[in-house]
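This is the structure, below, for whatever I ask next.
Order as written gives the chain letters A, B, C and D; numbering starts at 1 within each chain.
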């Protein structure tokens, strides 16, 4: 079936630049720096116009962290997000006097897609006070909309945004949305910031017309958190783990006394080399495919059956609450002098 | 204190034309017809440009009913609302092919103000399907927005509506909002429809820039339900009831054997004449004021203290659910051929 | 009508001991101390078995404060609540090792009644972890229930609580509920703590069987916040303000140059003496009644009409959120060593 | 790896009897009848004490249907559910005069787990009215609780139920909960009714102590709907589809002119024979395992990595609303004579 795979139109559903980078070898037109602040990993990716990711030119900041339901960790991440948002706004020459339109994208009724609306509820809104003329100087002029999703409004979300921007003329936009991830590991454990704009509903809904400087005419900062993965992703990931598990398993079983603990061991932490022979023994023809090809095949297999599935952690409701508080605090403290 | 009352700037807070009509004697420029369909009372008021209500010229249809939590009653009212909405759309020359923007006004988070957002969640949206080109002929092209309230968005609601209308160019608007009533009796028991437009937030929030044909440029049907009354209203109403209660009380006490039942009697149903003497005995100077003057006085008394109170029935949550279902069904069945 | 008033069965709807104290002159069997911590007023009332309030013997701590939507103020109040809860638990000889059942009373669907359920969502629950055997020593064994209201469950709330207590045998109970206030000034600006127990639904619903040491058999700490007032209360309060306003008005009008500012003045701050003559001139027979008698009369007037109204501030949704966070934090920090 | 598979302790996570029946060949102690009413398939399974499913003895009624968001279909299913619930109650000798405690199991905050609490909100509650003595004869005495989940209460859900049953002494229980399914096809498209009781939280949470006649002492009717599948299920299902897709693919590719349509074809509808050779070619060693063995292997692979994932349709929020309305209507119309 290999011949059927067409690498030119690879379409693994992910909204994370870093997912793509992980996958490709050549990095032409890609500048990447990885830092580690207080246990939180930050990857700065700068894409030039021509780049091997076929992604939009611009800056992508990817913040990766562990469970934010842990308070200490929560505070670390919050500070990093605040710092990175601040420096991104500087790079984009956004001034303290610039007015902001905050956009909470997504469907408030669907938990994994409710991040945007949840954050927008906690953003400190000031434009209506400013319009009355008595805004404290430490506050920026900020307005907020939560435009909903096309399936519920019947309107292209980008059309709503564009028309409101025309009317109230903010200097820049910050948009928050839930994203889809290309791998389970990053779900709820990654925040991506970019100056390249955003596609409403790319996470849970169907990707819509983009909201970006080129479409709206003002700078757009997009903050995204992957909250779901496609069914195909989890299948492909699992097949991958099966290779590792198999190899680890073979290795391990040579050592009798380790047998006892076997089932409790997280083999992902181990350093295991998977050779082609193992893959083909275990998975036959499938074993001959690389991980992208597997995903494409899985999509070919699942799409015609018409499933429209998403995979989320069971504790999603709780985690979304924490993440939206984290982001709204970071944004408020960056937009306003509080 | 009478001299301080200035009838020219009477400002009793009500959004119901019928409240004003009840209050005034002269009805120059006011055509009024009252019908009764199946126990539901319908008042058609047609205001000419010059009218003694100082209200906007146009049609006001007021539907008054009892408890909609009773299923039989619910269905009666639903049918009336559907019929009246239909005939209003005819009068306004709205064609089956005309596209509609439905607007759910109000604050989803505040129960008495959540009517608009609640209704909009259940409106059948079709524009996004139509844009893909395969809309069943029995459906009208409908889009829906729930713009939120200025206090949460920082943006004039009418500005949001105006800019979206400019972009997606609907042929007409249906807007639903919670209203304030001038009397307790009408709360949750009245639906007002008008072709004169609406003031977002006039009910619970502060009245904002109007949404009407003159401001937006397309026909606007406003559907409103009074869900709250101002504190001043309930005080004035109660003082009124005290007159009646006092008069009834005097009358009754002459008849000894009725004594027993006294406290269970709803004296409002009784036919009681209140004479000026009684009023002044009971209420002194206050007794000399008419009910408008009392309300003005009460506002004078309460405003400087800075209370911002609303009065609602305790069962408001349940009633709002029923009313929003009633309205969304009526609107769906009127907009679409279902 | 005075003859009709029967002071023995005075029934002004309030759940606040302090409301009653304000009203009565003799304070037999009542020990009262008022402190002021950091701008927050704390009133300790100790009622002996025989007391002129006809209220249950025990301690009532009333914490009065301004707008908790102000962050500085919020923190002040939070610390006071924490301290007072702590000292109340000490007085009741509750040990660090005692297990707690937290009860969030009220109707989650009705905003002013949702305080209890909202707080209970944020209480740190540990019993299920303890039952597995690995609870960190700094945490107390805590379980939480939100039993709902009788109207929705069909079950006496106190029966639910009693039966669960029998089963899981906690050492003490903390119950939070929304209350009704006897005066507008205290709504959302008072927290009452007592060791005398609580009547579920006394605030918005109908008072039900009491939850207290005498009914349940273990110590019960009740924390209540008045979130509504009855319609009769606002009418009576307003009539009272009308007296003051009238007197102030007369006084003021002597001084011509003050005329201009008149309407902006909060006459409540002024020191105004109301004489009987004024009251009777303004309000006739009503003016002859004392404020309790007025409330009783108003109840007599409103009850037969069958209104079931509540009065809340328009910003209730936002304030309830803040108050529930304030209380859940205080309780968590008191129950657990965090 | 085959040697590692131990069929005695097969633990594929499913709460559906029918999932297990599909999987096993021998059906000792299993009586199964399949009917089809108006396009809705109903499977009656009667398990004797000793049965090859290792499941509890009793009746399992499984109702399978298509999308209930289609109104016609919704009504068909509703009627079937009503009829089956009725006949199950008859079989269990539940009399019209028997009092019912309805239990809505699950976590209201987690969409796929919110079915129980959602249904319970719409059950007609009458016990509190009956206790006042004036219940209309057409209504049964019904009370409702929504005990929440152990993770939020700290209390075993079955303990809450047991203690309340002891107190209010209902004659029988109807419990509704969200379940986990062993296959994607059945998610949101199956309703299982049984007289064998239920394990709270078996769907999304961790299975807890059972609620059944043997533990609580009164008849328990459990109504469950699978709303999620485990990650391992979707992987196993997909691998299965890959076989079919591969076989279909080979078959198809012989026929050139069909090439064009290839990708739009739902190969599941086709009649395809998968031979062992194909499986092993495609999947190597994995191809040698049967579907249970694959699931066990996948669990072995995923568990040590510590993922806690669930798979749901993206439209879950909307579907859960419809299903809860369907069930609450069916239950109301069965419990009460309305």
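One rule holds for everything that comes next: a residue touches a chain if its C-beta (ideal position, glycine included) is under 8 Å from a C-beta of that chain, and two chains touch if they have at least 3 such contacts.
Remember, it's a predicted structure, so these values are computed and weren't measured experimentally.
Check every other chain and keep only those touching both subunit C and subunit D; list them.
none
Distance between subunit A and subunit D based on Cα centroids, please, to the nearest Å.
Each chain's C-alpha centroid was found; their separation is 33 Å.
Mind checking the centre-to-centre distance between subunit A and subunit B? Centres are C-alpha means, answer in whole Å.
From the centre of subunit A to the centre of subunit B is 46 Å.
Cα centroid separation between subunit A and subunit C, in whole Å?
Each chain reduced to its C-alpha mean, subunit A and subunit C end up 46 Å apart.
Sort out which chains touch which and give me every pair.
Applying the touch criterion to every chain pair yields A-B, A-D, B-C, C-D.
Under the stated contact criterion, what part of subunit B meets subunit C in this complex?
1, 107, 109-111, 184, 204-205, 231-232, 234-235, 238-239, 241-242, 245-246, 249, 263-268, 280-287, 297-298, 300-318
Help me check something: in the complex, which residues belonging to subunit D touch subunit C?
By the definition above, subunit D touches subunit C via 121, 125-129, 131, 142-148, 150-156, 159-160, 162-164, 166-168.
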